[in-house]
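Following this line, the structures themselves.
Next come two complexes, and both contain chain A; in the first it sits with chain B, in the second with chain C.
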Partner chain A sequence: MEQMTPPQTAELAPEKPRSGPWAWCRENLFAGDTWGPIAFNAFLTVAFVLIVLNLMGFVTTYLFAAERRWAAVTYNMKLLMVQAFPQDDLIRIWVSIGIFAVLVVWSLASWEFGGQISVEKMAQGVRAAFVLVFLTGIMHHGEGAASFGLPFLRFDNPADWSSIRTWIELASLAGAVAAHFFAQAAHRRESEQTVPILVVPVLGMALVTLALWTVWLPVPEGQFDETTARIATTTARPWTILFGVTILAYFVGIFLHRQRPKLMRRVLISAWILSYPIIIFVIQRDPILDWADILGFGETPFLSSDLGTLLIFGILGSVVIWVVGLPPNRAVTGATVGILGVIVGLMSFAFGDGPLWSTVLMAAIGLALVAAAITIHEPVEMVRAAGAGLAMLALIIWFVPMPFVYRTFMVALALALLSAPVFGGTEQGRANLVRAWIPISFLIVAAFLLGGSDTSLEFQSTTFLGGFNLTILLAISGLALSLPAGLVLALARTSSLPIFRLLATGYIELVRSIPMITWLFFGSAMLTAFLPSGVEFDEIVRVVAAIAIFNSAYVAENIRGGLQAINKGQYEAARAVGLSVVQSTSLVILPQAIRTVIPALVGSIIIAFKDTSLVAIIGLADVLLIARNFVPQQSDPNFQGTLTQMMFFMALFYWVFTFTISRLALRYEKSIGLGER
Partner chain B sequence: MAAKQTGNGSTPAIVCEGVKKWFGDFQALSGVTTTIGWGEVVVVIGPSGSGKSTFIRCINRLESHQAGRIVVDGREMTNDLRNIDAIRRDVGMVFQQFNLFPHLTVMENITLAPIWVRNRTRTDAESQARQLLERVGIPEQADKYPGQLSGGQQQRVAIARSLAMNPRIMLFDEPTSALDPEMIKEVLDVMKELAESGMTMIVVTHEMGFAREVAHRVLFFDYGTVVEEGTPEHFFTNPQHDRTKLFLSQIL
Partner chain C sequence: MSKPTEGPVPTRPPLWRNIVVIKWVAQLGSLIALVWLAYVLITQATANLRATGIPFSWDFLGEPLGVKLSEGFNTDPESGLEALSVGMVNMIRITWSGVVAATVLGTIIGIARLSSNWIVSRIANSYIEFFRNIPLLVQILFWQALIIGVLPDLTPDMEGSRWLFASPKGIAIPWLIPQAGRWQYMVLLAVGVVVARWTYKKRIEILEREGRETHAFGWATGVFLVFLIGGWFAHPIAGVLGWLFQALAWVAGNLPVISFQWLMGGLSLALAAWFIVRYMRKLRSPAGMAKLTDDDYFRLGVAGFLGIVLFFFFVSGAGEATIIRVMGRSLTYKMNWGFEPLFNFLATKYDFSGGSPLRFSLPEVEVPTNFPRYASDAGNSMTPGFVATWLGVTLYAAAFIGEIVRAGIMAVHRGQSEAASALGLHRAQSLRLVVLPQAFRVVLPPLGSQYLNLAKNTSLGIAVAYADVVQVGQTIFNQEGQTLPVFIFWMAFYSSVSLFLSGIVNYYNRRMELVER
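What follows is the complex of A and B.
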């Protein structure tokens, strides 16, 4: 009865006539039926166009003024990007970018990104761009550009910047005319011609590669013996290789996707989570990459090597979670909890040089675990008890001297055990828990590579971190911490338990009412005083913590807004079908709440990205500080006093990144149908 | 009515004794006493604000009662969370506003609880969900989102979602009140089929035709208590209480 067929005689909507450029202008720019409104609208249009063109004219005047020294940007590119990163180790940066690029194109392949773009529309876009460049050029206010008197047709001084402008004017005019005829030709075709949208970035990369190898610019005095040099003197080859690898990887990705689509997506999600610790490993591992040490057959004992630490916690943790995640019977769970108890008991001897009370408590927890294994009959209850015991242990060990990495792992393991009865219980549930545990082990090891001070893992000094390298690291690490923290805070603030509500509200109100810069000072200078004695973090880690503290409050308020928008009936329905409180929240309420607040969260992400530039105040050399201070104050007279050029470039640089984030988020919103269901 | 042999057999499905409930100073339930047997279909009618919805929401503890006893399948409803969770798994509920999960497809809506609560495998849960969608007459909508369905279809998905937990008691809280008239019948048909299959049902509704045709017993609620109860024939043809007569004269 619900297959409704439309009546056979249904009428088609009349086809909208395609309007040409003239009709479009008439409708949109000079609208009106009588002369009065037409004149008024025409006045508005002309005035507005003149204002906009005039403003753009200021920009071109600035860009092409003879005294501009853009070499300050190109010649300091390495300084801006990686600051003092050792020249011989730059390959690490390229490998990191390569990992990222390959993951991006594989994701594009796996989620079948793309679609078609009409050739006509593309030509129209190109035409509009060329017209804009041409009109902007006319408005040039610089020397010899007094008015509309066609000053750009001045060929007498080819060495002058303005002659470049002349060529740009002529080229853009020619380009606009060519694009116009191309669009007309495409329009006249019977069937609409389209190309895959991915052709656009590939063409872009090809053009950039071509420019890298063929464009030569004058060299500022004293830089080289030559008078001209390619725009990318040192990076042309790596970029070319990278573009090649990217395009190749895309086709490999398409091939893999056709073989095993579901597997590929799963692997990619894990790879994205793992890419963060892996990239940090690639960039930060000790300058001399000694594989013998990393793999554990060098001088470092195996258990303290990178691989050893990872294996112990990765595999041991996985096994424990696997066993307790689905209590098959009392005996196996009991044995596991019992063994855990014995290990904890032994720990009290191994790390016995802490305060006496901590040793006693550790031994007591070990005994309690063994007792729980013997006396509790319900396996789920036993796992809960073990989780509670380990959680207490995780608190105590902060007062006991031991490698820092062990403490962190203990906290993570306690959390995993506490969540095992909730999210485990099924084959799938515990597989998911183990799957989550493996990246967590990687993350913890990576965190210690980045800045743990008393682990046996060796790491490269963070003084090498600077420039955009540092900016992106602070932004991603800060967000990776503040998004989950904000989620927890939002849930706590809307919780029915008053103690959670009070704590979360207090935290959020306190953090939001203190400026970010103060928090950065807190992280840089004061945080150490709040930690147990002997616990010390690297400055970068402390700054990341400060950023996370600050952002999490804003993220929490965003998510709280989403939580409040969810109808109470959703929760009731989830509870009525038998889901527990935690399951109802995580499976029904949160996914909807987070969807609702994606636009607000993207705003927070963009703000967090830009706010990393504030770390300059506590002396970290992020990309903006280098552009603001280091470059214009260099001893090289070519770059002295180039502050405005550097700032202009920085504005463009930040804009490219934030605009990309915002467009990607918009695409994502559309793909999940935000606002439709 | 042949009682369906379930659970510990001898205990009735639901026993309520002097159930009372207040919202602030307002007394919503003022002593409800009734016993519902296995396989019985009970229709609850009454004017708005009479406590019918509150009554069935107390049965699966979406609201908590403050005095009296509610015993479902031999388990008394107390504040013990485990008891409540166990009872909720046996008692399905269908809401006036459907309350489907809008971020999940129809298939995911139905399989969510069986997978997470009953620990069933995805394939298993999905094959059951397909059977249920067949049963409620919309097998072809499995991969759509709730927002793409009509109200009647959404309510049928909501019924399938409840049935996926294999409940032994179903509660319906005005299931057709938010529907366009032409969609009411398709939902009522599903409910009739369910009643004929021997499901224990409590239905709060204004559909007198449904009450007459399907109910084994009708409870008339007013001022938070059962004013009159009886078989549909007795209730619609020979009501005893003045309040019932007035109500029936207004709606029939």
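What follows is the complex of A and C.
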């Protein structure tokens, strides 16, 4: 955009449209145009202004009435956010938030998120906010409560309300006038003045920090000796430290980005992926859990401790995957098959108290595989057959009675082995597969630690997870499972193989036609019936599974939209270049398809976040259930009957989050130029 | 990747490298694996449930339930099936009224967002941003909290009728209460709609032939009004239908079961044949028959196979045996596929008795024992659960529908409205006659999925104790422990609702498309 106009054309430039509040009003509020005569527009304007002001007056009158006890929100904030998380361990929550915040600002620095916002627009926004506060204050009627104060200005007596109101009115009027003149001054400047857009959130955070240290609220009777207290006694210090660390981290991030931009991005992506399991399974894990048992120097023997299990399967799996992915070599493959057969046989002998036939069957299949590997003459075929055979073997082990975590490992190994011949053609692909196997092993062990049973450890309940913490956990876990599942379903639904297409279509349509709450009932009340007897997952894990079942169908439909938008020529070109089906899908089709559906995917992320609130119905203590049932119904008489204002707070709370996500997504879409292609 | 092969190239690849063989082996293999997995899971579930002492059974459908429902056409159901049908009717009631209200409100908001009046468009925009970004459950609970916490209580001195009551016990409004004559009246109204539609078409035909204004819409309205007013007095005529239903009930009751078996069997064969014929016709072009691929053979084969299997399933009596086995002995009185009880029920509704079909009535508060409450037979008193759920789903859906309508209007080319105003149409006229009909075509598919969402969202009424099918189902499985049958029931019900709604949308979609061509 050219900002400066050359001087010679300035004389020919059209007359500047008249500006100023009156001209603006005439154009936008009382215009007579094709939409109707002036009288109609004037009527609409006046009527709607009156309606909105009355509504806002009613709401503020209600919110600041003397009977409202907003301490119900502030005093229970810890309950709302983390429920029963032990007070002494709250540092874990703060560390989690810190990791998240640092990752966010580093990503902002690394991907050069920027953009400028004009000072004039900011001033206009501030002016509008002040005007709204002023007008609403005028419409406010009735008595209010002295529900807050500043260190230098304390209102302990409800009778002070009218004076507070006068102060607020005067302050907002002064603010509006000041912002107006500031905007006018900015408007008159030659060149437009801008500030980086990041200034806005920083200012917002700084305001919150300031409020945490200065604003005081009445304390419910019998809680403390004082009658008023700062709105957040335990939050202010960590929040301030967090604020400082975040700003510091941003500048460090910019420095690192300037030094090694590519490396930083790569590290950041891995860090984002790893941050989820680390936060959930390491930092926020049940505070009661005994580390000694997990690490294998407690009472349980090392090999059946969690670390031991992780090491066995991590190393064993890596070796097997590596060998299967090697360039075709008959001897090596045959040996691997044989070794795995022996291991499987030994394991079923060691852990299995089941029927003899399963051991015999496995031995037979192992022998048959060895025989097949020797008789097939082509090395490539042989490797594929061996991989498939090993996978079958691993799948069969599912039915051998042994700890559930081992069974899960075998299934994961089977999947990895199935994909080994496909990706293992190159050195790089093989290394990637092995690299993927390590975090998968970690995830499996950690998942069983958190929510499963039947590990060597005694099963710990997840009651320590709750509140908004649980909401976020559910949203992220559900998405982490449903995005890959949705991708597979979308590919199956658009594939040319009729049975796969039929199965995927049936799954998607069936799942989508039923409301989510019934799936949550399925997860919480019925899923256990389908699992082998004795196996029982924690309710949170079952609910995450139900959310994933439901969301994956929606994600699949979104991705399908992108796949169908791709020109047929792309498929044909990819084939013509000689790419295999897997290659053309992953290198040509999917990158384009995903790019087109980013807005829809963001939409489903927002929906997933909103839908987590449904777990309140089945009795999981998420933030909504706490706000609706725990706080208004607890025995503390201070908070009884605060249902309406808790729901006001919940609405605002969810709104702020969802609105922020959607606005950020909109900005991102614009910045990468979506929709312009 | 592939090395150049040495020696003579074989004419056909070996079996394990033939792409068609690999394709089908892989697919059939996974299908078999999946079926096997389903079998394992089901046996596991059966064993687990038996171990808990509550084996899978449908008996609760026919047995007395022992719970009361908070609202519905029958608050004291005699059996599980009856309770569930009350829940289904409640769900359909709230969906239907919600769809109508959300469509009206959403259209207004969508148009308002495009208004040139700054205040109006801003308010519409804020409405959308506000309601779209708050979870529906929070909204429903919020409305419930407002109803319970803010509205004034009913007091004994309120006894009597008024136009509106709003209290923590719910909201009561005036209503037209259907009377015994409504069945006859409904038939006459349906006839009226058909005749009015026919009149409209005739008038349009005349207009197109002779080019003069024929006031087609006015004519159609007039004809419908004749039926509306005339039917009020003449509705006993429709009692003729009672004889017809009696006859049908007699036929259904006296036909042997075998005839129903053959009917269903024949139907499945006919369906399969219809599919095959249609499929073959699609493959035929003026140039001749297309070569059948393995995909085509698969589809035709599956269709034929399913048709034959279903035919034997029904004709051999296995179908009936399965239904008895699945639904339990207690439900076998509904055999003969329920035709006889249905026709008998209808026959009792149609006779030649008079009486007005509808009664206008104001809501009323009665004070039986010091505690005031709404009279059940006066006006329409809606429970807090209904009001909260209805407000929630309607306002939530209206925000999305507003966005859809706006996008639809914007998709209509600017030249269209400019041309309309060049022809001298008012803004309102051009909106109604030019822009909206074209926007409707763009709007319809997303609108349909919003209706589906609304229908599913009504299930959140469970949070405020609205007795819809999910809440009733939950009550039942808390009572009886039969979780899986209830889940299967939900699946069947919601799938049929989805199929029904998407069927309607697809029908209109196809008609719209035809208009364009």
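Rule of thumb we're sticking to: the second predicted complex is superposed on the first by the 461 of 677 C-alpha atoms of A that agree within 3 Å, B and C clash if a C-alpha of one lies under 4 Å from a C-alpha of the other, contacts with A are read in each partner's own complex, and residues count from 1 in each chain.
One rule holds in what follows: a residue touches a chain if its C-beta (ideal position, glycine included) is under 8 Å from a C-beta of that chain, and two chains touch if they have at least 3 such contacts.
Small disclaimer: the values here were computed from a predicted structure and weren't measured.
Once chain A of one complex is fitted onto chain A of the other, the partner contacts of A:E572 are limited to chain B, with no touch recorded for chain C. In the superposition on chain A, A:V588 contacts chain B only, with no contact to chain C.
In the superposed pair of complexes, A:I499 makes contact with chain C only, with no contact to chain B.
In the superposition on chain A, A:L624 contacts chain C only, with no contact to chain B. Within the superposed three-chain model, A:Q633 lies out of touch with both chain B and chain C [touch as defined at top]. Looking at the shared chain after the overlay, A:Q564 reaches neither chain B nor chain C.
In the overlay built on the shared chain, the residue A:S580 is in contact with chain B and with chain C. Comparing chain B with chain C, more residues of chain A are touched by C.
Within chain A, the residues touched by chain B in the first complex and by chain C in the second are 425, 578, 580. Residues 1-2, 425-429, 567, 569-570, 572-580, 583, 587-588, 591-592, 595, 673, 676-677 of chain A touch chain B in their complex. Listed in rising order, the residues of chain B touching chain A in the complex are 60, 62, 85, 88-89, 91-93, 95, 97, 99-103, 112-113, 115-117, 119, 121-122, 137-138, 145-148, 150, 153, 158, 161-162, 164-165, 186.
Looking at the complex, you find that chain A touches chain C at residues 28-29, 31, 33-36, 41, 44-45, 48-49, 52, 62, 381, 425, 496-500, 503, 509-510, 512-518, 521-522, 525-526, 528-533, 578, 580, 606, 610-611, 613-614, 616-617, 624, 628, 641, 643-644, 646-648, 650-651, 654-655, 658-659, 662.
In the complex of the two chains, the chain C residues touching chain A come out as 1, 16, 23, 26-28, 30-31, 34, 41, 44-45, 47-49, 51, 115-120, 123, 129-130, 133-139, 141-142, 145-146, 148-150, 295, 298-299, 421, 427, 452, 456-457, 459-460, 462-463, 470, 474, 477, 483-484, 487, 490-491, 494-495, 497-499.
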